[in-house]
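The same chain A turns up in both complexes below, where it pairs with chain B and then with chain C.
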Partner chain A sequence: MSAVVTDHEHDHEHHDHKPSGIKRWLYTTNHKDIGTMYLVFALIMFFIGGAMAMVIRAELFQPGMQFVEPNFFNQMTTVHGLIMVFGAVMPAFTGLANWMIPMMIGAPDMALPRMNNWSFWILPFAFLILLMSLFMPGGGPSFGWTFYAPLSTTYSSDSTALFVFSVHIMGISSIMGAINVIVTIFNLRAPGMTWMKMPLFVWTWLITAFLLIMVMPVLAGVVTMVLTDKYFGTSFFDAAGGGDPVLFQHIFWFFGHPEVYIMILPAFGIVSAIVPTFARKPLFGYASMVYATSSIALLSFLVWAHHMFTTGMPVAGALFFMYCTMLIAVPTGVKVFNWVATMWRGAMTFEVPMMFALAFIVLFTIGGFSGLMLAITPADFQYHDTYFVVAHFHYVLVTGAVFSIIAAAYYWLPKWTGHMYDEKLGQWHFWCSLISVNLLFFPMHFVGLAGMPRRIPDYALQFADFNAFISIGGFLFGASQLIFVWVLVKCARGGEKATAQVWEGAEGLEWQVPSPAPYHTFDTPPVIK
Partner chain B sequence: MTKTYEKYYVPAQSPWPIVGAVALFLIAFGAGTYVNEVTKQQPGFGGYMLAAGFVVLIFMLFGWFKNVIDESMSGLYSAQMDRSFRQGMSWFIVSEVMFFMAFFGALFYGRVIALDWLSGGSNNAMTFEILWPNFEAMWPLLKTPGGIETQAMPATGLPLINTAILVLSSITLHFAHTGLEQHKRGQLKLMLLVTLLLGATFLGLQVYEYIHAYRDLGLTLASGFYGNTFFLLTGFHGMHVTLGAIILLFVFLRVLKGHFTPEKHFAFQAAAWYWHFVDVVWLCLYVFVYVI
Partner chain C sequence: MTKTRSLRWSLPALLLAATANATDMPLNMTKGVTEISQQVYDLHMTIFWICCAIGAVVFGAMFWSILRHRKARGVQPAQFHESTKVEILWTAIPVVILILMAIPATKTLIAMEDTTEADVTVLVTGSQWKWHYKYLNTDVEFYSLLATPKEQINNRFAKGENYLLEVDRPLVIPTGKKVRFLMTSDDVIHSWWVPAFAVKKDANPGFINEAWTRVEEPGIYRGQCAELCGKDHAFMPVVVIAKTPADYEQWLNGEAERIAKAKAEEQELLAMNMSMDELMSVGERTYIAYCAACHQPNGEGLAGIFPALKGSSMALNDMAGHIDIVLNGKAGTSMQAYAKQLSLKEIAAVITYERNAWGNNTGELVQAADVHAVLQGKGE
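Moving on to the complex of A and B:
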């Protein structure tokens, strides 16, 4: 990365006044405001979804039924999943994209600023509908976030229609957001910002946006079929009418697997930004990172049925999906290798963003390895629908995606607020999170391998000790995130002044504008040589 | 890099996005409630909420597009802005293609795999023996495993005429475009009008076909996998034709007002792309739903 800004003018004389009051947020077309709203929304959703996880862990603290009815327990697992995927992780990444991509490529704003605002404001309404459905007679969605038919058709509650339409508008929001990102990157790069000079965060988001455009409409299609099957007598997923419940799983996972990468590729971009900064070395193997990201995205379209090994598919199909899945380990291995090689003989320091990035590399790799175990078809027959799967995807999503988002927040907070965050509190947040998250998710591997099924409010006695342990880890992890809020509030309100570059080893356009970044950056594009 | 860049237009604050978000909220919440009320035949507020949502959405679209058109006509948009719109529209069409792919995928899976397995294919001999030993796989699926019978929609006759109409409308739209590019406003107006009329005719015939299916053939949404795929694919296609026709109508009204130049006519271009896309979907649909 040898991007050098020569003639950018970030004068904040006349055009840096922000509109005031509530209208600033309701009517805004500013990518920074919209990015902030996305991030705050994601944080609120993270706590709502987290509260549901606390309910789940409280119920599972002991065998037997303690606090909630089984039906309500199922609603908690379902809505926890939906909120964390669509309400926390995805909006958080979109918020980071909004804030950072225009600054990283020298654009004045996102390409379609009004649509950008629309994309955001759909989300609070969509989740309002989803949360209100919990209070309907019969309860909210209780069929798991994957809403397999016939659980979501024949056996679901009346609120299913609300679930379907709220997913529809979430999808509209995601597609518009993705179109905005992709057009911004294609069309608004500053002169000289060639493809292979783009920061990796921009590259990974470009590919993520492509995946979103390809698969969110498929999700819209499958929820529509659920709607018509439940309410209008179609039989897409009903064998009596010539359909097949397994068809649901095929369409859902054709969306669902790329969706998993939608939630991790931007994380790769974040880690690829943070590691070089704190190792004070350029990223090792930049081009191979770009190709690895693209390969992962392409492979993501060929592996969906590895979620369905136990549905009784022909052996040839199972083998195809098994081998394709294992192939993903290659580009992922390239990435982990490159991060480690970047740190090799670097002048490393260990500020909070770097700590979270390092934890990401180690713990995400654990999640990747358990993924490889799950990819082995005959072994998956044992692991399928157990806590081993829960452990696997929480390692990639919590210690993967969520840790990367937290790392990104610490890394760019000084740029957003103009103040340094409290390093000591941040370190507390990191260590509390790191220890509790492993108490929480690591033992799940063991109970899963021993056969404890997921999505069950009660369990056999031999799992009792591990589950008590896991629940304690869960409560601690939940409590640790309160430190994060404390850090964020404290940093927004004041603190040590941040310089433009913020971090000694930071490179790129976003570190050449002042901190806090002016309301409008790059009215005329900078020239990158 | 000596190329000079014009200033990229970043619009000031706009109330329309939040109005649009409220509209989508009313539509989603209204529809979610209404579906339950209709299927259980209970009275309620869902229908009103849904209708209100569409009213607000239309209000929003008018306001938003008025702003965009005013900005465009007053020359605020650079060539770069025009590219943003074009790329945005292209990716939107990609997403639409994927939406239809979900339904085509369901169709292929049902025909090739689900029906075969229901009649004992692959490793499903016992499933067949135990569930529906008398079931016979065929396409169109005229009798479901559960015993619902229907008749198939023929590929000739009305559907063939409709195919011809839609292909013709794409051709007339193309000539409208060349008319616009060659300063032949008369040709532009005429061809655009013909396109609109062909689109309307297509929709009328489609409605007639649906009535025929329900009344004479016993082919309904609930008559098994064949009816499902038939109505959802043609239905969503029909909705897209309707939307495309509405867009073209507004383009036509703008043409009458003297908008668009041979160099700058993004709205026309976008509407045309959309119309051609809908046409291509129909051709795939005609082959896989009606013919094969």
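Moving on to the complex of A and C:
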């Protein structure tokens, strides 16, 4: 793919008018401002959710109850999950989409800028409601982020209504964000930017946006059913009224499984941008990457019940979901093989974005392996609801999704700020994170296999030593992220001036506009050859 | 306990100690004690080694590339970016591996789901936060509660060897026989799990699930509730004792006798009046075991979830309502029905206790006969 910007000198400063101060951010319809707000919001949420993880790890440092009550512990695990999924990972990807998609396809902005403003600005309120519910009598949601009925209906505290409304708002925000991405990609591609020339980040986000539009309404439906079961006397999930608690799980996971891919497909796009840049070699198997992403997205609708093998389903059902789940390993494998083939016989350098991308490939693959193990239904009976599962999804979400977001931040920071970040500090951030994250999550495989259930505030003595390790890893990983904040602040304030191309091997439209990217880019579409 | 003591050491010492203790620490899935659990373990190890092999190849190629194909070595990057042959190959090979893996997994799964021709059937009912076992076709049924004292959980006493994995009345099953479990729940979803049997099945309210096991070796096997079921999810363990069929029969007869005797005593008790002191001491014991998890030892409950009994109008004024709610529970809330969980004496004592403890000084006594009267009234 080769692209040339013919006339970006049209980006004059004269139409660069915007209100100053807080009004700039409240009223903005600029994709770069909104992207920045999403990213900053995600970072704040990452630290709030992280603080909750620290509470969890402090309580689990030793057997016995030390710091919090079991009910509060359950609120911490629940809200930690909700915040990290809906408040940190998803908004971070949306922020990256806002910043990068228009620049990557040669569009002047997102297609629906006012909706873009709204879809961001309702988010802080959603999380304010969720966080405030923690201070209600009886506490916030304590039924796990999966809010299984009837624990979340008949047996939940009064804050459940607030939980439901905050999830509704998050869903509305995500759906609007997704619509915006789809409309932008369909309508605002520069002349010559054909489908198979689009960068993979654009492709993966397009597919993610379709997943969002398909499953967020399902989530909205299921939380509404929880609401009416709890407050308005319906019995969707209550056998006494003709309902079925397992129905809840079917609906939830029909949303929940595609949701998992919503949180990883954009990561695939990021890694597919970074690896070729630092290997100085074109991405291997571009077309197969597109097809693999699409097939992962399609398969994601056929595997939801693999979260439910122990609920008691017919053998034929269990076999179907086992086979489909195993099949997902094939396109996922193709992606990993393609990245390795991209590196093969390249000329690699190892700046921070590349380091995080390489760590992503190895550690996400480890999470993929444990996912494959979980697919084997008879073995899943032993793994299910243990720390083995906790290890699995933290490998795919922390060393997967979060590492990719950090990699993306380092990769595009010079484009956003016009300054190079501090490479030395960044390397410190990387190595501290890499070591601590493995100390944190790897031993969870062992305690899980040895039989420690998840979501418990206290545990039997044979798990004590490993839990102490895990907690220390957790505290170190939390502390390591402070280095990241330091790097970000330092880079925003100043630093070595970045060139337009920034990275020697970087290709694509975003590298052809100056750094920092002007407030408005591509008012006149570039011509792509 | 070296393990608990080691936690007070500094970090380096802790790491050392843990490494030294590595042999005591379980690192892997249990092989268990049944044919099925052995098969499950074998499946687990097979897929584990497959993953290791794939990992070795992929990461090997990646690290080779990182070491050799770096710019610092002055290499020129190649420009190839596709190869249909290679791409088809690395799609096809995983498919073949997965098919080979699916075959034994399917066989084991079908065997696990075959609950026919059971010798013994036990109905397992979960409720917040205890298990109830009923041996079908006998009169034997009982609740199984966590036996670890609160003082160990609150770190006031040293923790025992089976901390959080011990119960007052374990489930007893015969060795060499196919035991079928029927799982259900009285409130939220629980999940009955014994790793040594590779049995984990959700107990869903209003529905019945099935599982089975055949244990060859007598022994004590421990597990836990695996599905988040509320505040005390961590505190509802499963303990199963497998006994030889002869010992099992003896135990079952003993249990039937014990239960019959308790029922007879209950009848005698109706004619007797217990003293305040006796009611209060039995009442306190019962309260701590059954009520304190929600209503708290100080009777103040947890604001917004579990109502306070201290100073509540029901505990101070409405005795009939009080007896009714303890016997029959309250629909749509976590308040369980205790009529079948506790004896008349215990119910009378606990209500007396609740009406006279923490400054609820009503001075009122509730006798077993009073409870019985309400229960009978309900039945007519």
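Everything that follows uses one rule, which is that the second predicted complex is superposed on the first by the 523 of 529 C-alpha atoms of A that agree within 3 Å, B and C clash if a C-alpha of one lies under 4 Å from a C-alpha of the other, contacts with A are read in each partner's own complex, and residues count from 1 in each chain.
Quick note on the criterion: a residue touches a chain if its C-beta (ideal position, glycine included) is under 8 Å from a C-beta of that chain, and two chains touch if they have at least 3 such contacts.
Bear in mind the structure is a predicted one, so any value in this text is a computation, not a measurement.
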In the superposed arrangement, does A:G312 touch chain B (first), chain C (second), both or neither?
both
Identify the partner contact of A:R345: answer first if only chain B is touched, second if only chain C is, both if each is, neither if none is.
second
Just to be sure I read the superposition right, which of the two partners does A:V85 touch: chain B = first, chain C = second, or both, or neither?
neither
Once the structures are superposed on A, label A:A53 by its partner contacts, choosing first (chain B), second (chain C), both or neither.
neither
Looking at the overlay, what does A:A240 touch: chain B (first), chain C (second), both, or neither?
both
Touching partner for A:V303 - first (chain B), second (chain C), both, neither
neither
I'd like to know which partner A:D158 touches here: chain B for first, chain C for second, both or neither.
both
Interface residues of chain A shared by chain B and chain C, listed 158-159, 239-240, 244, 246, 312
Which residues of chain A touch chain C in their complex?
61-66, 70-71, 74, 136-139, 142-144, 148, 150-151, 154-155, 157-159, 238-240, 244-246, 279-288, 310-312, 315, 318-319, 322-323, 326-327, 329-330, 333-334, 336-337, 340-350, 358, 361-362, 365-366, 369-370, 372-373, 376-379, 381-382, 384-386, 446, 449-451, 453-462, 464-466, 468-469, 472
Flag every residue of chain C that touches chain A in the complex, lowest number first.
1, 3-4, 6-7, 11, 14-15, 17-18, 21, 24-30, 36, 39-40, 43-44, 47-48, 51, 54-55, 58-59, 61-62, 65-66, 69-72, 75-82, 86-87, 90-91, 94-95, 98, 101-102, 105-106, 108-110, 112-113, 128, 152-155, 159, 161-165, 183, 187-189, 191, 193, 195, 198-202, 204-207, 209-210, 223-235, 302-305, 332-334
Which residues of chain B touch chain A once you look at their complex with the stated criterion?
1, 3, 5, 7-8, 10-18, 20-22, 24-25, 27-29, 31-33, 35-36, 39, 64, 80, 83-85, 87-88, 91-92, 94-99, 101-103, 105-106, 109-110, 113-115, 117-118, 122-123, 131, 141, 144-146, 148, 220-222, 224-228, 231-232
Contacting residues of chain A [partner chain B, same complex]
19, 23-24, 26-29, 107-109, 111-115, 117-118, 121-122, 124-126, 128-129, 132-133, 158-159, 161-166, 168-169, 172, 175, 178-180, 182-183, 186-188, 191-192, 213-218, 220-222, 224-225, 227-228, 231-236, 239-244, 246-247, 250-251, 254, 312, 314, 520, 523-525, 527
